[in-house]
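Input: one structure, supplied below.
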Amino acid sequence: MTDQTKSSTPAKPPFWRDPDKRALVFQGVFLLLVVVVLFTLIRNTMLNLEARGISSGFGFLETSTGFKIAETLIPYDESSSFFTAFLVGLLNTIKVSVIGVFLATILGFIMGVARLSKNWLVARLSAVYVDTLRNIPLLLQLFFWYFAVLRPLKNPKQADNFFDIIFLSNRGLYGPKPIFEDGSGLILFALIAAIVGIIVLRIWAKKRMENTGERFPVFYTSLGLIIGLPLLALIGTGFPVSWDIPELKGFNFRGGMVMTPEFSALVFALSIYTSSFIAEIVRAGIMSVDKGQTEAAYSLGLKPSWTTRLVIIPQAMRVIIPPLTSQYLNLTKNSSLAAAIAYPDLVSIFAGTALNQTGQAVEIMGMTLAVYLFLSLTISSLMNWYNASKALVER
Amino acid sequence: MTTQKYPVGQHPNLPPPNNTVGVLFWLKENMFNGVLNSILTLFSFYVIITLLPPLLKWAIIYADWTGDSKDACTKDGACWVFIRVWFDQLLYGRYPSDSIWRINLSYVIAIVAAIPLFFSAVPKKIKLVLAAFLLVVYPIICFYLYYGGGFGLEVVETPRWGGLFLTLVIAVSGIVLSLPLGILLALGRRSNMPVIKSFCVVFIEFWRGIPLITVLFMASVMFPLFVPESLSPDKLLRVLVGVILFSSAYMAEVVRGGLQAIPKGQYEAAAALGLNYPKSMILIILPQALKMVIPGIVNTFIGLFKDTTLVLIIGLFDLLGMAQLAATNPNWLGFTVEGYVFAAVGFFVFCFSMSSYSQHLERVLNTGHRN
Amino acid sequence: MTESNQRELSDEIVIRINQMHKWYGEFHVLKDINLEVTKGERIVICGPSGSGKSTMIRCINRLEEHQQGQIIVNGTELTNDVKNIEEVRREVGMCFQHFNLFPHLTILENLTLAPMWVRKVPKSEAEATAMHYLERVKIPDQANKYPGQLSGGQQQRVAIARSLCMKPEIMLFDEPTSALDPEMIAEVLDVMTTLAEEGMTMLCVTHEMGFAKKVADRVIFMDAGQVIEQNTPTEFFENPQNERTQLFLSQILGH
Amino acid sequence: GATLDSIKEKGFIQCGVSQGLPGFSNADEKGNWTGLDVDFCRTTAAAIFGDADAVKYTPLSAKERFTALQSGEIDMLSRNTTWTQSRDTSMGINFAGVTYYDGQGFMVRKDLGVTSALELDGASLCTNQGTTTELNMADYFSQHGMTFEPVVFEKSDEVVAAYDAGRCDVYSTDASGLAAQRTKLAEPEAHIVLPEIISKEPLGPAVAHGDDQFFDIVKWSIFVTVEAEEMGLNSSNIKAAAANKDAAPAVKRFVGAEGSLGENLGLEADWAVNVISQVGNYGEIWERNVAPLELPRGLNNLWSKGGIMYAPPLR
Amino acid sequence: MTESNQRELSDEIVIRINQMHKWYGEFHVLKDINLEVTKGERIVICGPSGSGKSTMIRCINRLEEHQQGQIIVNGTELTNDVKNIEEVRREVGMCFQHFNLFPHLTILENLTLAPMWVRKVPKSEAEATAMHYLERVKIPDQANKYPGQLSGGQQQRVAIARSLCMKPEIMLFDEPTSALDPEMIAEVLDVMTTLAEEGMTMLCVTHEMGFAKKVADRVIFMDAGQVIEQNTPTEFFENPQNERTQLFLSQILGH
C-alpha cells in the first residue's frame, strides 16, 4: 500500500483552480482597488484645495473664534480658540446624549411595561403613544416641541413664577443654583461617605441574607443615606451653601441655573422619540421570556414581584440589550439635529459656525465624523462587553 | 350552586357563572382589579379627557374648511384652507402643474404592478416577472417620466421636485438600490477572506457610526472637492448616493441576520449537490435569508422614509420642507402648526401602514414555518 | 401485575376538591371535579389530550383559577386571597413537561433560589440541601453548570430536585417525561419511583403506564373535563369499567 | 480658465443664492427666483451667453455657502455675503465687487420700549449661523461692556420663526435683511429697527480662486450696471443707443461699437448691451427689488448723487 | 443471520482512501484512515458518538478538507483543485441526518434544481427524472408541496430522491434515520434497501443494525478517529474481534 502513495501531501492544482490561491489573488486585487480609489480621492482633494488656494491644516484650531456660544459646560468666550469651541460642542453633544439616553430608557421601560399591562386602558394608551411617536419623523417632532411649546410661553417680564425662585418663560426654565462656600467640602465628604456606606450596606445585606435568610430594606436605607448624610453635614456645618437665585434684570433673568428652550426641546424630542422604540424593545424582551418561567417561579412560591426581579428581568435583558444599544447609538447620532433648533452641539458649533468662519470643511468634517465614530464605537463596545458577560451558556 | 348530578361522563357543557362574564366583569377584570389598577385607569381617563376634547375642537369643530385665501380663516381652530391651497405643492413640490400627471401615472403603474404580489393565488412566475419589472424597468420609466427630455416630455429639473413626491423618490430609490449593496456587504462580512471581511466591517461600521446630516452635507456641498472637476452629477443624485451608501450599511446588518439564521445544513446540501458558491447563494441561501428578513427590510425602509426629512436642512424640499416653506410664505403666515400636523399625518399614515404590514409579515413568517 | 404498591394509607386528607368547575371564557373545561387525596397517596392521572388533566393539577397550586366549587390544600382553601395562595404554593411542588429551569442561573442557584427567598433559609444551608437532592437525582457533579449545558433527562431531574428543595408536602407532575428521548425517560422515572417509595404525596399526569402500574395507589381517568373512572392500577388496567376508558387503554397499550 | 470653460460647456451658470430673502433672492411658488442677488447672477449670464436666463440656482444656507463655492458645487456665490479680508484670502475665494453697501442692525419689538442698541445689555439675540453677524455682535457687546445670549439657527426662516415666537428680544442681521425678513413677521408694524448700524457690510458676489477671466467677467458685469445708470442708459433705451451711429464715444465704447472692452474679457462686443437690456442698470435693479422693502437708497446711490456706488472707467 | 447479501463484487475500486489524517485545529479527529470501496459495494459504518464517522464520509465529497493522505474518488484525487472537487461532487450523492431540503422550493423544484444548474439538463427532462425518482420513493403525489408540509420520513425520502436525480455513482448516508420517529424509520430503510439491491455503491453511517445485517457487504467500526474493525456483517455481529467493538455491540443491541 505504501508504494502506491506518491506523496503524503495532496498534489497542487494550478492556482486558478485552487480556492485558497484564488482568494489570495482576489483579495490582492480588491485591496489594490480600494487603495487606488482612496488615494485618488485624497489626491483630488489635495489638488482641488491647492488649486483654489484654500488654506489647510489644523493651525486654525489655535486661533480665537470671535463668536459667542450660549450654553457651555467649560469656560469659553469670544477669545477662546476653535479647539475650545470644539470641546464645547462635543461636551454639549455628550450632555444631551447622556440625559436623553437616561430619560428615554426610563420612559421606554415604563411604556413597554405599560403596553403589557393587564389594564386594558393603560395598554391601549401606551400602544397609541408608541405607534404615534415612532411613525413621525424626529425632525418634525423637534420642530413641534420647539415652536409649538415655545409660543405659548410668556416673555420674561410675565414669567410664571414659582415661589420666587423658579421662573418659566420663553427664555427657559430658571432655577436657583447652589454656590458652595468654605466648609462645603464636608458635604462632598458626606456624599462620598454615603456612597461608600451604601456599597458596604449592600454587601453586608447580601451576606446577611445568605447567612440568615433575613432580608434588609437596602433600597430605602440607601435612599435615606444618600439624602440624609449630606443633609446632616449641611446642618452640622451651618449651611455653608448659598443659593444664586435668578432675578429679572432688564431683558432677562440673571444668575441661577437655566434650562434653555433649545436644550429642553432637544432632550424632549430625542427621549420621547427614542422611548417609543425602546418600549417596543422592552415589550419584545419581556414577551420573549417563556410563560413557563413565570409558572415555575410561582409554583416554587416566589411572589410576583420577586419573579419579575429574579427571573423575568434578567432573562429579558439579554434580548433587550443589543437592540437597546443601537437605540442609544441612534439617539447620539440624532442629537446632531440640534442645529435645526439652535442648540449648540458639535455639528452646530463646530461643523456649522466654525466651519463657516474658517472655511476648512475637510478638516472640520473629518474631526466631526471621527468624534461620532468614536462615540458609537465606545457605546457599542461597552454594550457588547456587558452582553458577552451575560450571555447564556449553552451546550 | 347546582348540586344536580349527572351520570358519569355525561356532564353537559354549562355556561360560566354570571359573575365571571359580561361587560361589568370585563371592566372589573381589565380595568379595576386592585387599587393600583383602578388608579391607573382613572389616571388614563384623565389623560384622555384633558387631551382629546381640545384636540377635537381645534382640528374639527372650530376649524375652517372652505375658502381659498387666508381671509377664509376666521374661526379659532385649525385653518385647513391653508392645506387645501398648498395641497399640490405639498404633494409635488414645485413640479409644473401641467406635468403632475406624469408623477401620478408612475404611482398608478407602481400600484397596478405591485398589487398582484400581495395575493398568494397569483402564480410565482408572474410574481417574479412583476418584481423584475418593478425593480429594473420601472425605475427607468420613472426617471424618464419625472425628468423628461426626449419624446415630447418637457424637462423638469430636479430642484423643482419636492413634497411627498421627493420624499418617495429618495426613500424608494434609497431602499431599492441599497438592498443589492447591502447583500454584497453582508456576504462580504461573512466571507472568510480577511481583506474583504475587514473592508466590509469597516465600511458598515463607518456608515452606521456617523449621523445622516453630515453625510447629506458632504454629499451636497463637499462632494466636488473629492473628485476630479469634470465629475459633477446632479445634487439630488449625489444626495441619493449618500443615502444609498448610508442605508446599505443598515441593510447589510439586516441581511446578515437572515444569513445567520440559515442552518449550516442548507449550505452543505447545496455543496453536496455540486452547486458552487455563487449558485448556492443565489438559488438556495439568499432567497431564504431575504424572505426571512422582509420585516427588517421594511423597518429599515420606514427609518429611511422618516430620515428623508433631513434633506430640508440641505435645501431640498420634501414633504416637511414644503410644509415649512408654505408656512413662511408672507401671505400665509401663522399656519405653521397646520403644516406640521399635515406633514405628521402624512408620515404617520405611510409609516404606520408599513409597520403594521411588517408586523403582520413577522407573525406570518414566525408561524408559517410549516408551509 | 405486581401488587407491590398495595399498602396501608393514612387517612389524613391533604387535598380536597369539591364540585369544582372551571371555564376558559365560554369553554367549560373542568366539570364537577370531586377528589380527595390522602397523605402519602400516589395518584396517576391519564386521559386523552385536551381532557383537562393539566388544567386540573394546575388548579391545585392556583396556576389556573377555578370559578366554582372548592379546592382545599392542606387545610387552606384556595381563594383570591394572596396569602392563601402563597401558603399553598410553598407546600406544593410542581414539575412541568418542559422543565422550565431558569436558564440564567446555575443548577445550584436554580435549587437555592426559592428556599433562600421564600423560606429564608441561609445560603449555606440551602446549598447543602441542594447538593443533597442533586445527589438523590444522581447529578451532583453538574451543580455549577447552566441548564443549557445539560441533557433533557438531566434537566428534568434538576427540575424535580428544585421542587424538592422547597420540602413540599405534595408534588405535582405534568407529563414530566413526554418531552424526553427514550433513554432519558428511564432516568427520570427512576427518580420519581424512588420518590414515590419514600412516601411523598404525588399527583402525576403521565402516559407511562409502566410507572402507573408500579407505583400508583390510584389511577384517575379523565375525559372531556370530567373524572370518568378511578381505581387501583390493577383494577384499572385489568378491568376498566367505562367504555371510554377501555377505548383509551386499547389505544395506548396497543401502541 | 477652468470655471469659465465648464460654464460654457454646461451652457449655464450655477449660482448660489439664499434660501429665501425677499428683495435679494427669493423663489415664488413655481420656483422662479427674483431679487438683487439673483439679478447679479443674471448679469453674468447675460454677459457670457447673451442670455440672462442661462442660470441655475442653488439655494444655500449661510453655513453651506463657502464650502459649496470652494468645492465647485456652484460657479458663483451671490448670496448677501459680506466681503471680509479673511474670506477673500484664506478661504480661497474672490469677491467680485460690492452690489450692496450694508451694515448690521437690530430689530426689536416696539413694546419693549427700547430706542438704542446700547440699552440691549443682557438681551437674547436671534441670528443666523455662519455669518459675520455672529462676530460683530460679540465685538460690539464686549466693546460696550454688555452681555448677551446668542441663539443661532441654521436657516433664516427658523430665525424669523423663533424671534416671532418670542424666543429672543432682538433680531440682528444686516439692515437690508432686517427689512426683508420683517415682511415675514406676523405683525410687521409691531417691530422697529434700531438706529445703530454696528458694522460695515459690503455685500457682493464671490467666485472661487483659479479663474481670473471669470472673475473679471463677474466683476465687470457688476460695474457696467453702475456705469449704465450713470450714463443714463437703461433697458429701454440701450438698444436704441447701440443702433445710434452718432452716439457719444463713451456710449459707443459701452455698446461695443468701438474699442475692445468685450474682447478684453473674452466676450462678444455687445455683452454690455445684453446685460443692460436683459437685466437693467443698477438703478432699475434697485427699484425692482429693494425699493419695495422701503429701504432708502443711501450709500447705494451713485457717487454723483451722494452715495458711494462708483464704477471704474470703461476704457 | 441471513446470508442474502453475500454476492460477487466487482473489483473496480471507486473510492480509495490512503493514510488519510484530519485535524480540527489541534484536535486529531481522523487518524490514518485506509479504505477501499469497490463498485457496487454497500458499506455500513458504525461506532460511538464522536468517533469521526460523519467526518470521514464528509471528507469523501470534500465537505470537510483532509490534511494528510489521499482520497481518490472515481479516479479523481481530492485536492484543493476546484475542478476535481466539482467533478467528485457530481458523482457522489449525500443524504444528511436532517434532510436539508430547501424549504423555499417545492419538492419538484428541490429535485430539478441541481440537474438543471449543475448538469445543465433541460427542465422537462429534469422533471421527468424527478418524477421517476419520486415514484421510486413512493411519493409522486407530493411533487408540488413544500418540504415543510411533509412528514420527516417523507422528507428524508425526498432527500434521497434529490441525490439520485444527479445520477450519482456513489451515495453517502449520514445517519439518515436518526432524526425520525420509529414508524418513519421503516419507510426510509425500505427505500435504502431497494437502492442497495439495485447495486448502488453506498456508504452509510447508521445505527440500524437490522439494515446492516440485511444489506451491508461490509461493516466498519470506528472509534476515536480510527477504523478499529471491518468485516462482513455476519462475522462482525457474531464474532467481533476487538473488545471495543464488543462493548459497543453489547450496548447498542442490548438497548
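Each chain carries a letter (A, B, C, D and E) given by its place in the written order, and its residues are counted from 1.
Rule of thumb we're sticking to: a residue touches a chain if its C-beta (ideal position, glycine included) is under 8 Å from a C-beta of that chain, and two chains touch if they have at least 3 such contacts.
Model, not experiment: these values are computed from the prediction.
Between chain C and chain E, the least number of touching-chain steps is 2. Fewest steps needed to get from chain B to chain C, stepping only to touching chains, is 1. Centroid distances from chain A, each centroid being the mean of CA atoms, peak for E.
Two chain pairs, B-E and A-C, are weighed by contacting C-beta pairs, with A-C ahead. Located most centrally within the structure is B, per distance between chain CA means and the overall CA mean.
One simple way to say how far apart two chains are is to compare their mean CA positions; for chain A and chain E this gives 56 Å. Chain geometry summary: the mean Cα position of chain A and that of chain B are 26 Å apart.
Averaged C-alpha coordinates give centres for chain B and chain D that are 42 Å from one another.
A separation of 43 Å divides the Cα centre of chain A from that of chain D.
Annotation for chain D: residues 67, 70-72, 154-155, 161 touch two or more other chains.
In chain E, the positions touching at least two other chains are 82.
Residue positions 48-49, 147, 339-340, 361 of chain A are each in touch with at least two other chains.
Contact between chains, per the stated criterion, is found for A-B, A-C, A-D, A-E, B-C, B-D, B-E. The touching residues of chain B, counted against chain D in their complex, run 89, 94, 96, 157, 159-160, 217, 220-225, 229, 232, 235, 313-315, 324-325, 328-330, 333-334, 336.
Remark: chain B residues 263, 265-266, 268-276, 279, 283-284, 287-288, 291, 369-371 touch chain E in the complex. Taken together, the chain E residues at the contact with chain A in this complex read 18-19, 34, 68-70, 77-84.
For chain B in complex with chain A, the residues that touch the partner chain are 30-31, 33, 37, 40-41, 44-45, 47-48, 192-196, 199, 205-206, 208-214, 217-218, 221-222, 224-229, 302, 306-307, 309-310, 312-313, 320, 324, 336-337, 340, 343-344, 347-348, 351-352, 355. Chain C meets chain B in the complex at residues 19, 21, 23, 25-28, 31-32, 67-69, 223-226, 228-229, 242, 244.
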